[in-house]
Amino acid sequence: MSSIIALLYGADRPGIVARVSTWIHERGGNVLHADQHLDRQENVFFQRVEWECAPRTNSIQEGEDFQKMAETDLFMSVQISHQNDIARIGVMISKADHCFHDLALRVKSGEWNAEVSCVLSNHTNLEKTVSSYNFPFKHYNLTSENKHFIEKEQIEWIKDQGVDLLVLARYMQIISADFLDQVGCPVINIHHSFLPSFAGAKPYHQAYKRGVKLIGATAHYVTEDLDGGPIIGQDVTRVSHRHGPAELIEKGRDLEKLVLSTAVRRHLQNRVLVYQNKTVVFD
Amino acid sequence: MSSIIALLYGADRPGIVARVSTWIHERGGNVLHADQHLDRQENVFFQRVEWECAPRTNSIQEGEDFQKMAETDLFMSVQISHQNDIARIGVMISKADHCFHDLALRVKSGEWNAEVSCVLSNHTNLEKTVSSYNFPFKHYNLTSENKHFIEKEQIEWIKDQGVDLLVLARYMQIISADFLDQVGCPVINIHHSFLPSFAGAKPYHQAYKRGVKLIGATAHYVTEDLDGGPIIGQDVTRVSHRHGPAELIEKGRDLEKLVLSTAVRRHLQNRVLVYQNKTVVFD
Amino acid sequence: MSSIIALLYGADRPGIVARVSTWIHERGGNVLHADQHLDRQENVFFQRVEWECAPRTNSIQEGEDFQKMAETDLFMSVQISHQNDIARIGVMISKADHCFHDLALRVKSGEWNAEVSCVLSNHTNLEKTVSSYNFPFKHYNLTSENKHFIEKEQIEWIKDQGVDLLVLARYMQIISADFLDQVGCPVINIHHSFLPSFAGAKPYHQAYKRGVKLIGATAHYVTEDLDGGPIIGQDVTRVSHRHGPAELIEKGRDLEKLVLSTAVRRHLQNRVLVYQNKTVVFD
Amino acid sequence: MSSIIALLYGADRPGIVARVSTWIHERGGNVLHADQHLDRQENVFFQRVEWECAPRTNSIQEGEDFQKMAETDLFMSVQISHQNDIARIGVMISKADHCFHDLALRVKSGEWNAEVSCVLSNHTNLEKTVSSYNFPFKHYNLTSENKHFIEKEQIEWIKDQGVDLLVLARYMQIISADFLDQVGCPVINIHHSFLPSFAGAKPYHQAYKRGVKLIGATAHYVTEDLDGGPIIGQDVTRVSHRHGPAELIEKGRDLEKLVLSTAVRRHLQNRVLVYQNKTVVFD
């Protein structure tokens, strides 16, 4: 039996938790997890609540009813999902394959409740690799001239495949604002630095030049602001003067895989709420 | 105005969260934080909830009423505290002073809502140091022969001082089961290893001999089982073949301070529930 | 042009560094890296030195000459390798595939100067997976009765394949002392705990039961002493009361991959010296 | 008997290590530690070597002779120090006391071979605290108008006290370029962010606003470029949406103490070489 997961946020008011938990209890539901946060500076309330319905309940209907209640009575923004929903992931890649393999193996192993619905690349070198996982692959011969046109084609395929989440797995192109407007699903990117340090191109070379003693990776939702979207996860690893740019790149690969997969997991498990270009992560 | 903090746990049953949150809401209380955990293997429910009472409410009375309700109606074990309670800490030390200074400076700086009510040592070398903070100090000339008798004296002073929490800040003596039975408050110890590795004497020497690549520290509640009580916090730091026992001891000191102070903070903020020789830490 | 790497250790005596560096300099060699360690307690000297030969030098011959000099004149134990040697790795697996994929992808990507020469399993479920990388695979139907016989067959194949390093990538069987005696190459194992905590079976369940706040993984050379061999690398990750055994196992997988691959890299780059059941790692 | 520590760097050329080690060996010296680094991109060689002189040697004279040899024959930049030199530290503070206490306690405990020669503040609130350690204290009533004049007075006292290292222990004023030119000793600062992120004022508030998932601290040598000098050490700690600016500040204090004391230790043990606005740290 599948549980329901609700993510809600909105202006704080007395009795939200009481109302939510009583509503579920009255229908015979059993709360499995509940996590909440109150931003006292902004007076905004956030909650993630997961519950099992009573036996023989139509959980789709119950989710819709809950959403109506929370929107109408509590003035909350609400996202409902079901624990056994299988998310359809689209992946965009360029030449590097380490993040792609990492995602692909996690999907194949059943670590996540997800499948890979399409893989898009501006290069052809990984076509065989992608096919070995039996994932649909398309190559887009992107140039600065045809970008607008190609992006339209990409969006078309992404929509055809019913993608719920688009992951940029070291995709080395900048996504346009139009693309983001029209793609119709969240987009997660991995940036190979500890943002906001070293946004933009060649972050490992920037890090080497500055002589930092830790390098990092950051997974974030993509917005129009390059490398400026809400951060979902970050991590760092220790480096020294012995690490030149090549060694930083090599060390960074493991970091990128870990940080990206953590962010994708959090998103897929409906643990992330975005608010004021920041995230609340119930992990 | 002071908020109320309730820690509760007991057999899970439907509607606990609804009941708790409704109870608070009906009295005009405002939930500031609520965190819960369900051990599905054992079917045990844990909750930490903190709320502000309605204006002009007697919060002491409300805390007692809540406790009665949760015990009687929900069959929970309940601990109530008030956010502005000032905890009275007793500290036991031997010759090393680093953990003592760390605790003392945190208390003095107001980082915690606490005061140091008494400091007990089996040595005299830190008497002046303790006095410079204006903390009451007593030296106990402990020997293997007089241990039973000295422990009685120690307990007497600890009780006279109204101690709420006893901290063993690198106290190098084993506390007897009788002492624990009679002292009437929780006792936190810092052990200078990553337990359960290297319990007992000279853990850094044991770690050196084994050639581990990380050393650790563990803060735990003291039970009759030496270094076997519920773990409140642990951390590690990287070492290499270059670190002999002396270097491990030096690196370890910073770890011990951090891990012990984190555990004391968690306890003082009523974030720790003990269950089956483990802890649930709502941090 | 390939560089020479020498690992040496032995009783310390005056002038070792001078002798080594002068010897290389006189032949027109250029030292790229040199790292040394003096265990003052045991009076043992350790060094890793890597140098480029003068142009048109026979580097194989120079390595042999160096070894003779260091053994005869400095009474050192010496291992010589060449930077462009391609190591031949044997891998033993059971049912779990995460460490295998991680190793396989690193080898395929050229991250290491190595190839996988054979993969042995006591199960058949990963045969296709292994074959997809074009690695030779053999299944051994191991039982408690035929272990002695099967191990002989395994050793035969390992030797036939010219294996330089054997990696137990979550191989769930205990290797016998006879096997270790006869296999003729070092064996690295990944143990899924922070050793010496939780040696033996089901370490994540042991960790859960003890209520530790960090879980770990340890890569070590295999010796007759179960989970007691020299530690090459360790790491930990933070866990809480929210993690049951299943979550610990999942979190642990990423740790195991990272710790095992780090240890294999260190070994392949000739950075590890074993001494008194401990390692000196020049990293 | 005191050992000699030499730090050298300069254009790489064949035979430096051979020459250095032979020179020491011929005089009956015994190398305790030697660490070297070759920046192959820039062709610059770095070395830290520590040795005990032969009995009855004048180690001051031997240090001077070594320096002459390395400068004249090897064209290296050389710094010589002696292991038992007691460094004289000057500390500049404002209102916050946590880094000051941390440094003071390490000096008092003998963890470092150092003493505190003077403490300068632009506030008076810590005068008693400083005096309780018996460190000389002076208050400077700094304003934007009198800065130039006050800095001259500060430098005068620092020079009178024979300061070898000046530590800005959360000193909240910007040091002028003139001050740096004239103070005659290195200056280490602790910045409460993971540089280059959040340079300048109120880094914890900047970090909160950006929604980062880790906060950091950075210790660096002070140069004219605000928060832009060579980084000696950095570390980070995990935070979440639950941490407002006040919690970040509190968590950050422990990080600042650790990062600053690590950097000071590295400097005092002559482990740091500065080159092209970066550091080589032989730790």
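Note that the chains are named A, B, C and D in the order they appear, and that numbering of residues resets to 1 at the start of each chain.
Criterion: a contact is a pair of C-beta atoms (placed from the backbone, for glycine too) under 8 Å apart; a residue touches a chain by one contact, two chains touch by 3 or more.
For clarity, every value in this text was computed on a predicted model and none was experimentally measured.
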item	value
Shortest contact path, subunit B to subunit D, counted in steps	1
Of A-D and A-B, whichever chain pair has more C-beta contact pairs	A-D
Chain of greatest Cα-centre distance to subunit C	B
Between subunit D and subunit A, distance of the C-alpha-averaged centres to the nearest whole Å	41
Separation of mean Cα positions, subunit B and subunit A [Å, integer]	38
Where subunit C touches two or more other chains at once, by residue number	40
Of subunit B, residues touching subunit D in the complex	97-98, 101, 105, 109, 111, 132, 250, 254, 258, 261
Residues of subunit A defined as touching subunit D within the complex	37, 39-41, 46, 194-198, 210-214, 216, 230-236, 240-242, 244, 277-281
List of subunit A residues in touch with subunit B within their complex	14-15, 17-18, 21-22, 24-25, 28, 30-36, 38, 40
